[in-house]
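Both complexes below contain chain A, partnered by chain B and then by chain C.
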Partner chain A sequence: MNSAPALAVEALTTEFRIEGRWHAAVRDVSFAVTRNETLALVGESGCGKSITALSIMGLVPKANGRIKSGRVVLDGRDLVGLPEAQMEKVRGGAIAMIFQEPMTSLNPVLPVGFQIQETLRYHTSLAPAQARARALELLSHVKIPSAARRFGDYPHQFSGGMRQRVMIAMALACNPRILLADEPTTALDVTIQAQVLALLAELKSEYGMAMLFITHNLGVVASIADRVAVMYAGDIIEMASVDALFARPTHPYTEALLSSIPRVDRHAGDLKPIAGQVPPITSMPQGCRYADRCPLRVAQCATMPPLVALADDATHRARCWVRAGGAALQ
Partner chain B sequence: MATFGGALVALVAISALLAPWLSPHDPLEQNVLLRLAAPTAEFPLGNDSFGRDVLSRILWGGRVSLYVSTSAVLIAIVIGGALGILAGYIGGLFDRVVMGAMDVLLSFPTLVMGLLVVAMLGPTVGNLILAITLTAVAPFARIARAPTLTIKERDFVEAGRALGFSNLRIMVVHILPNVIDDVLVMAALWLATAIRTEASLSFIGLGVRPPTATWGGMIREGFENILDSPWLAIFPSIAILIVMLGLNMVGDGLRDTSDPRLRHE
Partner chain C sequence: MTALLEVRNLVKTFAVRRGFMGGDRATVHALSDVSFTVEQGEAFGLVGESGCGKSTAGRAILRLIEADSGRVLFNGENVHDADARQLRRLRRRMQIVFQDPYSSLNPRRTIGRTLGEPMRVHGLGSPREIAARVRAVLAEVGMPSDAADKYPHEFSGGQRQRIGIARALVLEPELIVADEPVSALDVSIQAQILVLLRGLQERRRLGFVFISHDLGVVRHFCRTVAVMYLGRIVEQGRVPQIFDEPLHPYTRALRAASPVPDPKARVIMTRLEGEVASALAPPRGCHFHPRCPHAMPVCRETYPPWVQVAADRGVACHLYPAPAAPT
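So, the complex of A and B:
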């Protein structure tokens, strides 16, 4: 069994200062990803999924943000508090990240080939000619047609899907062990989305990477993830294998999320939007943060429920007094 | 237009560079018999009050003018550009201090700064360059800082950080190429200003000391005899006019090509 996680996030809390007070955008988040595994981090905008990724990369804006506590363990080494110079070697080396906006994530005034080479030359000691050869190899690896001819082209000569492939090539340049993908397909057409997802899945197993896939799209989750962590207002509220999550959504929020996806085989009138709104970061309730919108609320929800395993499935955990059986313990 | 301007600038630059081979006479050789002589076949642009050949002096004078102005602008680009990118990228207190200092420099009119430096330190080529550099640094810092402020927020900078690039690398490899267009347009226009400033300082007697030929100095000398021998002032003025015209055309052309919205008008 290859059980040692490639990346473990332990009790991570990231805060932002708003009008002089610190508010947690990510609270006590823990998860681990192993090689060859894809963990999807799901939630709506502002739930803390991107902040989690930035915390792992050590890219939380220093001016008004900080990692208050917790560890990010990569191969036994805690990345939190690592000096910037060492962190620069980790980024783009052992951990790589791809972003939502392929249209703007490449420098418009530099040829794409140069941009891939730059990553290689920065992180490895390859000679220019070797770096060029490797960059070309990467470009054809991410299935850019006639890669050699397009090597000197500029980003504006590429379509969105192609640019995302270039971004993926840059991320893969130094054989990362962890790939953080922050909504990499959100800005793409559906057909291109499917191609990019297939490419990512293929490369993940080829490189034996662990992938943390951040998305709000449950359809994408179903097609790419092995396990899913659902985030709500800075907390992980449910974590399960992808099959278990879709078969038996346990937290009321997950359940509501699944029934608010439009489906071809259901009447549009069956769509159920979730009533109410996410509480603002400046006035988070003490207890369960979903309580105000939750149809199952009980008195106990005024205190924060723990993330506990379900009685019949140790890998399926949820943060709910009513559904996860935590209520019975008290 | 830009090509024509470039040709004008190239013409002057090449003739200045090749002055030792192109000039028909020694620019310092005096000939009392030819004092204030009108243009002839042997001395096509006439002779000045010392009987020196005006054509040769214009060719040699161009060397001084172009050397002083190009060096000053190049130094200003490097220092001003670096300060502007740093200030824009780092922001905060550093930005305020640097740009505050630039505002102080900007508040000196070019000529006043020139007077100040040359009067205090003496009229040497080095001090002329220093004086012009001091006034040119601030505009280059401003022109480099403005785009840096927007570019540093762009996604590709964030992506670069995620690839582990250091701040220095992001500034040099990713921000600089995005800023350089604006800087080059400014450089062409400032080169013209620098040539004018050098000529102005020489004209009021604060330039390179005579008998070394400079365009501004020749105009001043020619002024003394402007009624009898107007060509003494006119020919060096035409030389300045050609360079400034050419540089402005190049600057406009560069701006048009670097701004795709203007390209098809």
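So, the complex of A and C:
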């Protein structure tokens, strides 16, 4: 695998101010994505996966949020603290992003072809005619049927799946090195989801992009990811190759999450729900944030365990005193 | 024994206006000839993608919308001919749970008041009895006893869904229409709610019409399932069979596209081409033929008849001709 990561997030901590006090929504998160690789960030509501993406894009709301510490390194350059004017060139240029709901990012009163053309004009030096030709090429590239005829159509004339394809075309406009995809198929029906996932996988290899794929759906993770980082209450609690994660879920939360999914491919018997709830951001426990819900809890869990490699697999790391240990390594 | 619910040839069309200033009128065939039976205490699943008519079917059963034609028999009693008084009595016995309980809970009323309302409407008991019943139902769905004095915004999504279920249970129904009851919830919470529903079903012998787009959830919860596409049931039968050996090409596609948490079972990327046609202008013949890998000339011409391939299994597809009459 290519050793130089396309994107490295190093010890990122992002905080929000609630009632006058700062609380970490993402805490000490580190990962790297290489070219031609898909890293999935998976977790339930409020685990910090989307805030991680917003932090990378420099889109943390300034009114009540801030990146407290850490670096976001793209091609050797730290994006944290970059002036907004430069960050605007990075967004939609080297890093592109697609969201769950394309309608929030598409302008409803402009034809879709024109919107892609504008992206190209902003980020490249293409002449209008060239930009138009390239925009059309992109629309056919994301497999919009009769792209030429639909070039002048407005977003509302497209179905949800087709809108997401338009967003993908726009994201690809400037040959991004990184594609951040935040729940891009969550609002779609499963047959359409399968089409969009296939398209993303294809384009990733074709463009040699690194993809950071954010989702709550472990089924989607199994379909698209090369590596997986599982988040819980702002922490990465496990990271492994996709095969290792599903074959040997090591953190008790990952394991519990997998056994609470009703599966279509087999009769799973009784589901085992996880008791309790994620602690609120304003009252996170000192130690392991999963301890309150964990059947394996021991006294040591009152202090935060480190994310450490398993004894027999250096690429598989977990944050658990019981399952991964780490005391000796500290 | 009489079936709990019998739905026969249900048809529902909506007139819509489209085009500039709504100048054009068109008809959406939301339900065409939908028939199924739910036995006492059975969980019956209705699955399909957006716009297939599954929610319309759920609402038509309860007469929250009026069907154009067809019959709905609840314990043998015709729901669609019932007058206002009979309907009110029938509705005590059939209740609905929605996807988003927040929109069905009055934000300005305490949970206790909202849950007690149906009992007051039906004149069932004194204030003291109603309060006791509300507490009992809240306990049954796993809510703390002080929940009755709180307001909806004080609860998480999973707790609100428990309250939505409690509201449906207050009148001791025999049938619950559950419309995507766990779709808005995180998986760990979803599992809690499914376990709760399963417990209620077993304890109270509740029947369910369980509407969902998630095949995994349906496989887990339901015994029988009907797959819908553009307003029609295309396949129906017992749950493991339908998902393990789907007959209809659409069921097969839906099954293949449903993600499974196992990288060895990656969603096969040779996926279904095209998108669902508009319900305003469903394709001639079998509605699925433009996307179907097995489409034959006959599929473009005539809608396939319903074929009972086994005692408890049927499909509407030209690939499965009706068995010849025994000679």
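Everything below uses one rule, namely that the second predicted complex is superposed on the first by the 318 of 330 C-alpha atoms of A that agree within 3 Å, B and C clash if a C-alpha of one lies under 4 Å from a C-alpha of the other, contacts with A are read in each partner's own complex, and residues count from 1 in each chain.
Heads up, the rule we're going with is that a contact is a pair of C-beta atoms (placed from the backbone, for glycine too) under 8 Å apart; a residue touches a chain by one contact, two chains touch by 3 or more.
Predicted model, so just to flag it, every value in this text is computed and none were measured.
Engineer: Could you tell me if A:Gln157 is touching chain B, chain C, both of them or neither one (first, second, both, neither)?
Structural biologist: Once the two structures are laid over each other on A, A:Gln157 reaches no partner at all.
Engineer: Going by the contact rule stated at the top, is it chain B or chain C that touches a larger number of residues on chain A?
Structural biologist: The partner that reaches more residues of chain A in the superposed model: C.
Engineer: After lining up the shared chain so the two structures overlap, which partner does A:Thr104 touch, if you call chain B first and chain C second: first, second, both or neither?
Structural biologist: A:Thr104 sits against chain B, while chain C stays out of touch.
Engineer: Based on the superposed arrangement, let me know which partner A:Val190 touches: chain B (first), chain C (second), both, or neither?
Structural biologist: So A:Val190 only meets chain C here.
Engineer: Applying the touch criterion given at the start, work out whether A:Thr315 contacts chain B, chain C, both or neither, answering first, second, both or neither.
Structural biologist: A:Thr315: touches no partner chain.
Engineer: Between chain B (first) and chain C (second), which, if any, makes contact with A:Tyr122: first, second, both or neither?
Structural biologist: first
Engineer: Indicate the residue numbers of chain A shared between its chain B interface and its chain C interface, in ascending order.
Structural biologist: In chain A, no position sits in both the chain B and chain C interfaces.
Engineer: Okay, in this complex, where on chain A does chain B touch?
Structural biologist: 57, 59, 85, 87-93, 96-97, 99, 101, 104-110, 118-119, 122-123, 167, 170-171
Engineer: Under the stated contact criterion, what part of chain B meets chain A in this complex?
Structural biologist: 154-156, 158-166, 169, 173-174, 177-178
Engineer: Applying the document's contact rule, which stretches of chain A touch chain C when the two form their complex?
Structural biologist: Touching chain C: residues 44-45, 159, 161-162, 189-195, 197-198, 201, 216-223, 242-243, 246, 256-258, 260-265, 267-268, 270-275, 277 of chain A.
Engineer: Within the complex, which stretch of chain C touches chain A?
Structural biologist: Chain C residues touching chain A: 49-50, 156, 158, 186-192, 194-195, 213-217, 219-221, 240, 243, 253-263, 265-267, 269, 271-273, 275-276.
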